[in-house]
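Same chain, two partners: chain A is paired with chain B first, then with chain C.
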Partner chain A sequence: MGTLLSAIAFGLILASVIAIAGMGFTLQFGLTNVLNLSFGAVMTVGGFAAYLARDHGVSAWYGLAIGGAVGAVVTLAIGRGLFRLYARRGAQLLEMIMVTLGLGLVINYAIQAISRNNIYQFNVLQSAPLHLGAVTITPTQAILIGIAVVVFVGLEAVLRLTKIGTALRAMAAEPSLARSCGIRTGRVVIITWLLSGFLCGMAGVVYIINSQSVGYATGELFLPLVIAAALLGGAGSPAGAVAAAIVMGVVTEVVSAYGGPQFSTAAGFGILVLVLICRPRAVLGDRGRETRLTL
Partner chain B sequence: MRWSITKSGAAVIAVGLAAAACGSSGTGAATGHAPLVLAGVVAFTGSSDFEAQNNEGGLYPAIYAINKAGGVLGHKLVYKAVDTKADPADALPAMQQAMATTSNLVLVAGPDTASAPALVPVLNSAKIPMTAVAGESVYNTNTLPYFWRLFPPDSANGTAMALWAQRKGYTRVAAVFGTDSGSQGDLPGVLASLKALNIKVVANVSLTPDQPTYSSSVRQVMASHPQVIMTESDATTAGTFFGELKQLGGLVPIIGTEATFTAPWLKAVGGVLGSSFGSDYSALITAPSQPTAATTAYQQAVKAVKSTEPTPWQSYLSNPFSITYWDGVMVVALAMNAAHSTDPAVFNKFIPQVANPGPGKTVVYTYAQGVAALKAGKQIQYIGATGLIDFNQYHNSFGDQEAVASNGSAQPKELGAVTAKQIEAVPVKGVA
Partner chain C sequence: MLSSWSFYISTLVVYFGVDALSGISLNLQYGYAGVVNFGFIVFQAVGAYVAAAVTLGPSGGVSAFQHYVFGASLPFPLPLVLATAAGAVLAAFVGLFSLRRIRRDYQAAVLLVVSLIAFQVVEADVPLFNGSNGLVGVPRPLQSVLGLSLQGYQWVYAGWVMVLCAVVYVLVRWLSRSTWGRALRAMRDQEDAAAGIGLNITALRMQVFILGGAIAGLSGGLLVEFIGAWSPDAWTYAETFVIFTAIFVGGVSNYRGVLLGVLLVPIVFLQVPQFLPQIGYPGLTDSLQWMIIGLVWMLCLLWRPQGILPERRNLAPAYLTAESA
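Up next is the complex of A and B:
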């Protein structure tokens, strides 16, 4: 029983990292229809930004905001600059996936060249572990779960209680109708890039706080879990992404605890395979969603 | 017309053959003063990319030192990187491309453990000498003439770790190894040696590289209450695992394989363990040579090329892998001088002749000394920066091992020796 409870607790910790990235990814994908495979690379950029900030004396917790801000700026530059350029030249969904894949590789290898393959430490809070019955977690892990909850509640509040949130949801549900209703789509798309980019950069920082190190491939290795969570939860649904992240995190850790850690990754990818079997049009859009790029 | 077509065809074929001959890899004798190519054939990207740093860390100084001494028979040496990505599927085409496009390829510094099964037979068939760092025990009885290993097999390193654990009085060991092929290569030797010494393995945990958390694995290790952890994995994985282990209060002493004593690993794990790293971590590495002219020459060369060495350059002053690569280049370069040929098919058999001890041989410690002695008509024995080199009938040469701690700057702090005789005396079974 102790093993199961511990695995569930560790699953929730993993889920908190997946969830923040998943919310950003699903927001971006749901509104723009760009399956952005460079998302992981931008996570890494966010992580490195936080690392550099901490290296210059800034608190690692402020690094969450710094990583988020850098992620937002980079994502906006990519979305409004590169992706829109390709879209104007006729790139469709699949072509754009290749563009994002290539961009991700370019960013990754650039970071690899600059960082000279080094792995940098990112220690945050070194204090006694928390014992919650049979479960033992670190204070840092507890804080990360809290951050994920706050981010989720905040994002839901923005989406449901603000005018821009309503516009975002309208665009995600029916772009052409939203346009005809007078919603300034260009502005909404910019906000989407900024918001999803912020979550992406922040997810990179959360990831490195948990793993205590940052390297050039940090975000890239995590990307499949993020995509799986976004697809499992439904494009454009942060709540769905969070629920999916919890499922994936818990399944991954339970498999790790009982079947061995070497099977945990396979379990994560297994969920992605199941998603695509159950919802084969998850990538290209389903339920009549408009599948044109909205850039 | 028919005659004309035939003649044209013949001309095209002739030109094609000539072009193919010119473009094919030159593993024969180099002509003129064309540079001789040393290929570093290891992982330059991916989770095993530290292999490239070890490789460059030893080869850049070696090339510098030899070129400074006039090169080899009038040829300068140059470095070529071949990225195996620690994956045979990537390694084979990369190597084939390098062989097809590289003239005067005289030495492969590698291949690494993961790509060795695919590359060793190919390189041997192409008559290219290789100084492999592949630790698999299958090469303990190697019969391929172009395969040379100056490194202890994984099983020897594992036995040394078990002997060290026994000497420290440990009876309960947790084995924590990455699932990458390099780390897994060491595991059978560790487990078999622990069994042979009646030391209980209370947990055997595999770590899939680059996961965001290893909490479940940490819990598994802690639940088994080990006295010591024996380990090898890539630096990122190790940093995350041991960081979580420490934070959850489960840190016990760590004994690492030789592969853990590299700058990225020491930096990653040292960073998360902080002040306790110096006392909690030890590794079994090839026993550093006593200070000789060879170690001085190596260290001077590292300093001379520090701007091109991977960072931090200081770590390569004592990196056992880099030092071994250095010695491999020195031996091969001296063999070419002894054979008066840059043709691998000619100089390959001179490799043990310039390194192994023998009656009447002049002991040399540097390339320049070796060349001078050979020119004087003497037979030489090169004692390298790793110490004595003595290839056996299987083209393997390895000596004592030493337990070391890290002083924080990747310099080894000696804790005690485990001799080759002690290693051989352990009745290890089940490791090929």
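Up next is the complex of A and C:
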């Protein structure tokens, strides 16, 4: 029983990392229709930004904002600059996913070249662990869960209560109608890149705070869970991404505790596979609608 | 000096053959059927692992220092046959969940994830295929029977790879021009219309995926019997994109273009830097090579998505005139 409870607690910690990344991914994907496979690489960039900042004496917690800001700028540059360039040349969904993957390769191996293919320690000052019944977690881990909750509530509030959030949801639903209603679509797209990029960079920092190390493959190892969470939760739905993240985080850690850590990520992905086999419609939604890139 | 060149060139011929098989397989899947198999390298890897395991003998015997499943010591052509079958079986399994009529970008992402996950599982699960150390000491087929010098054996093996490569090339080209191949292209260009004229889209996609998986498995078997070792480092997800870049450089949907691309990208581009003086720290060249592969791929997509030798689109009219005559 104690093992199971601990596994669930660790699952929630992992879920908070997946959820932050997944919300960024799904926001981007839901609005622009770009299935951005360079997302993992940008996460790594955010993580390294926080690492460098800490090297210069900045606290790891400010690193969250720095990583987020770097992620936002990088994402805006590639989204508004690079992806739009391809879209103007007639790239569609499939070509775009290849572009994002090529970009992911370039960024990943650029980081490998710069970081000399080393893994760097990223220790956050640890205080006494918290005992919650049978479960023992560190205060850092508790804070990470708190951050995920704050991000989720904040994002939902922005999407539901502000004008820009309404515009964003309108555009995700029907871009051309939104444009003819007078929504400045270009501005909304820019805000989407910035917001999702911020979440992406921040997720990279959260990930390395949790794993206490950063290397060039950090984001790439994590990407399967993020993609699975975004597909499982439904494109463009932060709540769906969070729910999927919780399911996958808990399953991953429970399998890791009982079946061996080598199968943990595979088990998380296994859920997506099961859903794809049994209920493809749940993941894929209505096939009839024509989907286009919105950049 | 001369003999070391002969050794090197025969090795490159084998690599070319293996990469050409990969290119043909991926071009059949992507160029003809429009299946974006971002997990291609996994099917080559399973072929290599199976061929290695059924050649090495029972696990725990002579090679007690490594662990693997399917241990056996089968005679020469059988490991290759099993490698081919392994590629096909894995493709059937992966195809079961990834080839549904779903958005093709979803499909590509799911296949990429398959590649990343398979890597993590095989690397971490030592009893399966010896984890991150991989399998070593795979004997070369018939080396003792043939009784050739190392030099001679190299060239015999290279010739054998070339023969298989030619057989697969002719077979796949013939298939691509058959009714089946035209159905594939119809599916690629107009999926809904193809379904409308009664083609079974899911079945077609599954067939092409399994055939491609089988060729990939064969290429893996050929490679491992030559180099004698196989580990996760040989099949990171990025390896798939070397082949993708090759077919984009050479020409998508054009088999001659694919051969050209395979010659240019994995052979010339990845081999030439070995002759250049080393720059920076060890390993920097590798990172830069991968970056350039990614850049070349992106530039191809931007400037010349059809490659150096574009697809020949006059096949259908030629066929029609032949029918009516």
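General observations
Note that in this section the second predicted complex is superposed on the first by the 279 of 295 C-alpha atoms of A that agree within 3 Å, B and C clash if a C-alpha of one lies under 4 Å from a C-alpha of the other, contacts with A are read in each partner's own complex, and residues count from 1 in each chain.
Just so it is clear, contacts are C-beta pairs under 8 Å (C-beta built on N, C-alpha and C of every residue); 3 or more make two chains touch, one makes a residue touch a chain.
For clarity, every value in this text was computed on a predicted model and none was experimentally measured.
Partners chain B and chain C, once the complexes are superposed on chain A, run into each other and clash.
Contacts of A:210 after superposition on the shared chain: chain B is touched, whereas chain C is not. Of the two partner chains placed around the shared chain by superposition, chain C is the only one that A:277 touches, whereas chain B remains out of contact. By the document's definition of touching, both partners, chain B and chain C, reach A:221.
When the two complexes are overlaid on their common chain A, residue A:261 makes contact with chain B and with chain C alike.
After overlaying the two complexes on the shared chain, residue contacts for A:118 are found with chain B alone; chain C is out of touch. Between chain B and chain C, C contacts the larger number of chain A residues. Of the two partner chains, neither chain B nor chain C is touched by A:162.
Legend: residue contacts after superposition of the two complexes on their common chain; A:35 is shown touching chain C, with no touch to chain B. Residue overlap on chain A between the chain B contacts of one complex and the chain C contacts of the other covers 112, 116-117, 221, 260-262, 265. Here chain A touches chain B in the complex through residues 3, 6-7, 10, 13-14, 17, 112, 116-119, 121, 123, 126, 128-129, 136-138, 140-141, 207, 210-213, 215, 217, 221-222, 253, 256-257, 260-262, 264-265, going by the rule given at the top. Contacts from chain B toward chain A in the complex involve residues 45, 47, 49-50, 52-53, 179, 205-208, 210-217, 219-220, 235-236, 239-240, 243-244, 246-249, 264, 267-268, 271-272, 274, 310-311. Of all residues in chain A, only 35, 37, 85-86, 89, 91, 93-99, 101-106, 108-110, 112-113, 116-117, 220-221, 223-224, 227-228, 231, 260-263, 265-266, 269, 272-273, 276-277, 280, 283-284, 287, 291 touch chain C in the complex they form.
Those residues of chain C whose C-beta lies close enough to touch chain A in the complex are 34, 36, 38, 96-98, 100-106, 108-110, 112-114, 116-117, 120-121, 124-125, 237-238, 241, 244, 281, 283-284, 287-288, 290-291, 293-295, 297-298, 301-302, 305.
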